[in-house]
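Each of the two complexes below includes subunit A, the first together with subunit B, the second together with subunit C.
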Partner chain A sequence: MNPSLKLLLLLIVALEISFTTIVSLNVALVILAGIYLLAKRVKLRTLLWLLIVPLIPAIGLWSTQYINGTGQKELMAWVLFTRIYAFVFTGATLTLTTDVLELTDSLEQNCHLPAKFAYGVLAAYNLAPKIKHEVQVIRAAGLMRGQTLSFWSPQLYFKAILISITWSQNLAQAMASHGFVEDAPRTHYRKVRVRPVDWGLLIGGIILLQLGVFVMPWH
Partner chain B sequence: MKWVKDWYLSDIILLALIGVFFGIIFLGTNYVYDVLTAVFAPLGLSQIPNELLLGLWCMPGMLAGYMLRIKGASVLGEFLASVVEMLFGGQWGASTMISGILQGIGSELGFTLTRYKHYDWLGLAATAATTTIVTFGWDLARSGYGKLQLWLLLLFFVVRFCSMFVFGGLLTRAITDLLDRSHVLKTTHTN
Partner chain C sequence: MATIALEHLSYTYQTAQTPIFEHVTAKFPAHQFTLLTGPSGTGKSTLLQLMAGLLPLPADHGHICYDQTQLQNISAPDRSKRVAMMFQNPNQQFAMDTVEHELIFALENQRTDPHIIHHRLTSALDFIGIRELQHRLLNQLSGGEKQKVALAVIVAMDSDVILLDEPFASVDPDARVSLLRRLVELRDQRGKTIILADHDYAGYDQIVDHVLQITPTHQVVELSRSDWPAFFAAFQPQTLPAWFLPVPVDQPLFALHQVGLRQGQHELVRPTDLQLHAHRNTLITGANGTGKSTLFEALVRLNPYSGTINYDGHDIQKLRRKRYARHVALLFQDAEAQFFNITVAEELAQSQKYAYGDYFTPTRIQSALTQLNLAGRDEQVIYTLSEGQKKKLQILLMLIMQSPVLLMDEPLKGLDLSSIHALVKLLQTVQAATQQTLIIISHQLTGLTPLIDYHLRLADHQLQYVGEVRHES
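Let's turn to the complex of A and B:
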């Protein structure tokens, strides 16, 4: 499916299930997303991991409603428990199966996102491994001077921002010297198309969701 | 599309880089969050750790607005941070982006209400307050807060505001003070 339309569909799903209280709808979404992930050959171990990671927050939300809720406590507790899993599994259908480069290409070409946003964010994203290393370097440098830099230390963020400023200017210059011109029209080597089938999937998905929310007998 | 012209490529990369940096620093807090949540769960107060740490997760937006002083910096800063988090395979998927946009709008409102003139404690308090209110409104629906007892709601609200003020106010101020003293912001301000 076209990445932009997929993202749009997932945003609609996430928004809509935030305002509904139907346990079986959430479960149905989890199962559908699970089948999709399996069909896309996502490893079983990854799926299992998706089940374990949200367990603590899900239990947390469940117990908060169960102990301190008002009205139909039990129903609301289970709604929130399954809602978390619906968020995680539907979200994974994008993050685990869609290439980031493809998504940015699609947002730029199909949604007319200005190129400087698409490539700017992509540039920063691709530096992530280097940034991870840099955070370790900052912490190690602090330790050498007897400072433990934790997530509440202003110095840690200060140094991170200093590096961000330098790198952002370097990257912008590098992109300009490779022929990137801000706000100029671009041609594309990798073309992403929106096929009729993508529109069909989007519209079909939205209709199916409305059926689940308003029509199904479990309501 | 006038606002597009206000943003230079280097500003966009800067905000995205800050988003990645902060995201990586925040990774360590996930363990704190999990342990605290497990501790508070039997009391039915497991949202407390979420409220305590939410200010940290909303910091990129408040910091971006306070540091860059461009209209829309908070929205863009927080949104980019959430996009990067989602691309990293952040567990909450597409709902991360919705939260990111709302947190960003919340932070931005504080600066808008003070007419983009108060880059002082008033502005910081305003942005902490509006971020709290907007994100709380969203949690009334998304996290089922609307169905909770009133005393708990008030407790959550107060804790959330304190967190926003500590991380978005005190910590942001401490960071920008360090940046001011090193005179690095002038180059980005003239952009």
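Let's turn to the complex of A and C:
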């Protein structure tokens, strides 16, 4: 499916389940997303992690609601529990099966997002492993001067911001030197198209969602 | 195709008072290779950035002309066909993840017809001889490979003028030779104009057509051919005094057992056994990009390595980070990495507060500041110090800490000779009293040699001591 339309569909799904209290809908979404992920050959191990990791916040929400909630306590507890999983699984259908570059291409070509924004985000994403190392360097440099910088220490962030300012300037220069000019037209080597089937999937998905919300809800 | 002329160019940084260039008039002839020289901090990078249009030149500050056209009149999308730049830091010149994607990105920016992009990118990779890197992740390439990719991008973009800002700072000698050969081919076969800034001039006299110098009076002047021999002779490799080889001991400070270092898929140091000795000063030399800084990062656990490193008999991976950092500290190459406060006084106070030893009393700190010509700057914001002042302050801060071992990565970089002498004298005085162990990576050896006891050399992926065997008398 076209990455931009996929993102749009997922945003609509997320928005709609945030305002509904239908357990069956959440469960159906998790199952559908699970089937999609399996069809896309996502590793079983990864799926298992998707089940385990949200368990902590899910149980947290469930128990809070069950113990302290008002009104239909038990229903709301299960709604919140399944909603977390619905968010995680539908989100995973984008993050685990769509390449960031593909999404960037699509946002630039189909949604006409400014190229500056699209490539800026992409460049930042590609710098992520370096940022991780840089944070280690800052913390080590701190220890060598007798200062323990924890993850909530303002000095860690002050240093990180100083470094990112330098990096962003260098990166902007590098992009300019590789011919990138803000708002100038570019050609596209990798063409991303919106095919009729993409529109069909988007509209079909939205209709299916409304069926789940209004026609056969099981609370 | 493109002769570049600077006409009455003046430039001053916003934060600085003194100008970098004052009414400079100079010419870079087309189809020729020009070496741009000058000590670090004289404005080589700034000049190249101005010439590439990456730094805007204010009005009434002169002109930069490509043939007869002023740079600011060349429309931004056409600039990359006129001029491209290769940067010093190979890690910060790519926006994409793989080699292929970066080349496509650059070609798309030039509005190249998508049908010929594939051909352009493969022929550029073939020209540089790095077709096998096409699908590799940029993050996993060595410094030399990254610079080759950067040059391939420039070849693909087919820019008339190629500017290179100290491009070999993290490139190993083999890759440097191969890059220089490609640049000569670009000049001879494709008529490119090449302007390269470097502070290490070794090997250029056979290649370049012109040498331009940035002078202390903020001018750019051409060095006449007759002055070349004297100029290049001054940069022949220095002969080092022959130090003695260390005698192996049972309890060395560091014991490296089959330690190997890699950068992505590139082997830097072959697995090796080595001892480093306490209360002695060891100098580590080796060409750019051979892995000296990576070795230091491994010693302070910032970089993975194979084999085991023992400090004082203990595997460093099993020591607590906090405790180990108090024993073995690293003076980073980038001085700013070591600053955590705003003013000089705050930094000094922090080091005193956490110091490991009590050698540095307030009086001694004050005299060290005077010695390093840093006195009276207590309330100055550290980020407004000059690069040389930052370096000196950084070294003093780390000395005050009095960690038993201090690894120093290029401690003399960017310092003038009088600062170097003052610094070495301070190091000698401190060391006589505290028995601190120093391990030093340095290209700059003038003035440093009196401090050194042993010499480790990293070459051909081998790390070994060089020197004479000490005979028992």
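Some observations on this one:
We take it that the second predicted complex is superposed on the first by the 217 of 219 C-alpha atoms of A that agree within 3 Å, B and C clash if a C-alpha of one lies under 4 Å from a C-alpha of the other, contacts with A are read in each partner's own complex, and residues count from 1 in each chain.
Methods note: a contact is a pair of C-beta atoms (placed from the backbone, for glycine too) under 8 Å apart; a residue touches a chain by one contact, two chains touch by 3 or more.
Model, not experiment: these values are computed from the prediction.
More residues of subunit A are touched by B (comparison of subunit B with subunit C). When the shared chain is aligned, subunit B and subunit C each come close enough to touch A:Trp167. When both complexes are overlaid on chain A, the residue A:Leu101 reaches subunit C alone and has no touch with subunit B. In the superposition on chain A, contact of A:Ser177 is made with subunit C only, not with subunit B. Of the two partner chains, neither subunit B nor subunit C is touched by A:Arg193. After overlaying the two complexes on the shared chain, residue contacts for A:Arg41 are found with neither subunit B nor subunit C.
Once chain A of one complex is fitted onto chain A of the other, the partner contacts of A:Val88 are limited to subunit B, with no touch recorded for subunit C.
By the touch criterion defined above, A:Leu143 lies against subunit C but remains apart from subunit B after alignment on the C-alpha atoms of chain A. On subunit A, the surface touched by subunit B in one complex and the surface touched by subunit C in the other have residues 119, 123, 155, 162, 167, 171, 175-176, 180 in common.
Residues 1, 4-5, 7-14, 16-22, 24-26, 28-29, 34, 37-38, 40-47, 50, 56, 63, 67, 80, 83-84, 86-98, 141-144, 147-149, 152, 171, 174-175, 177-179, 182, 184, 187-188 of subunit B are the ones touching subunit A in the complex.
Interface residues of subunit C, counted against subunit A in their complex, comprise 49, 52-54, 76-77, 79-80, 84-85, 87, 89, 91-97, 101-102, 104-114, 117-118, 138-139, 153, 157, 300-302, 321-322, 325-326, 329-330, 332, 336-338, 340, 350-351, 353-355, 397-398, 401, 403.
Contact residues of subunit A toward subunit C in the complex are 101, 119, 122-123, 126, 129-130, 133, 136-138, 140-148, 155, 159, 162, 167, 170-171, 173-181, 184-191.
By the touch criterion stated above, subunit A contacts subunit B in their complex at residues 7, 10-11, 13-15, 18-19, 50, 53-54, 56-57, 59-61, 63-71, 73, 76, 79-80, 83, 87-88, 90-92, 94-96, 100, 103, 114, 116-117, 119-121, 123-125, 127-128, 131-132, 134-135, 151-152, 154-158, 160-165, 167-169, 171-172, 175-176, 180, 182-183.
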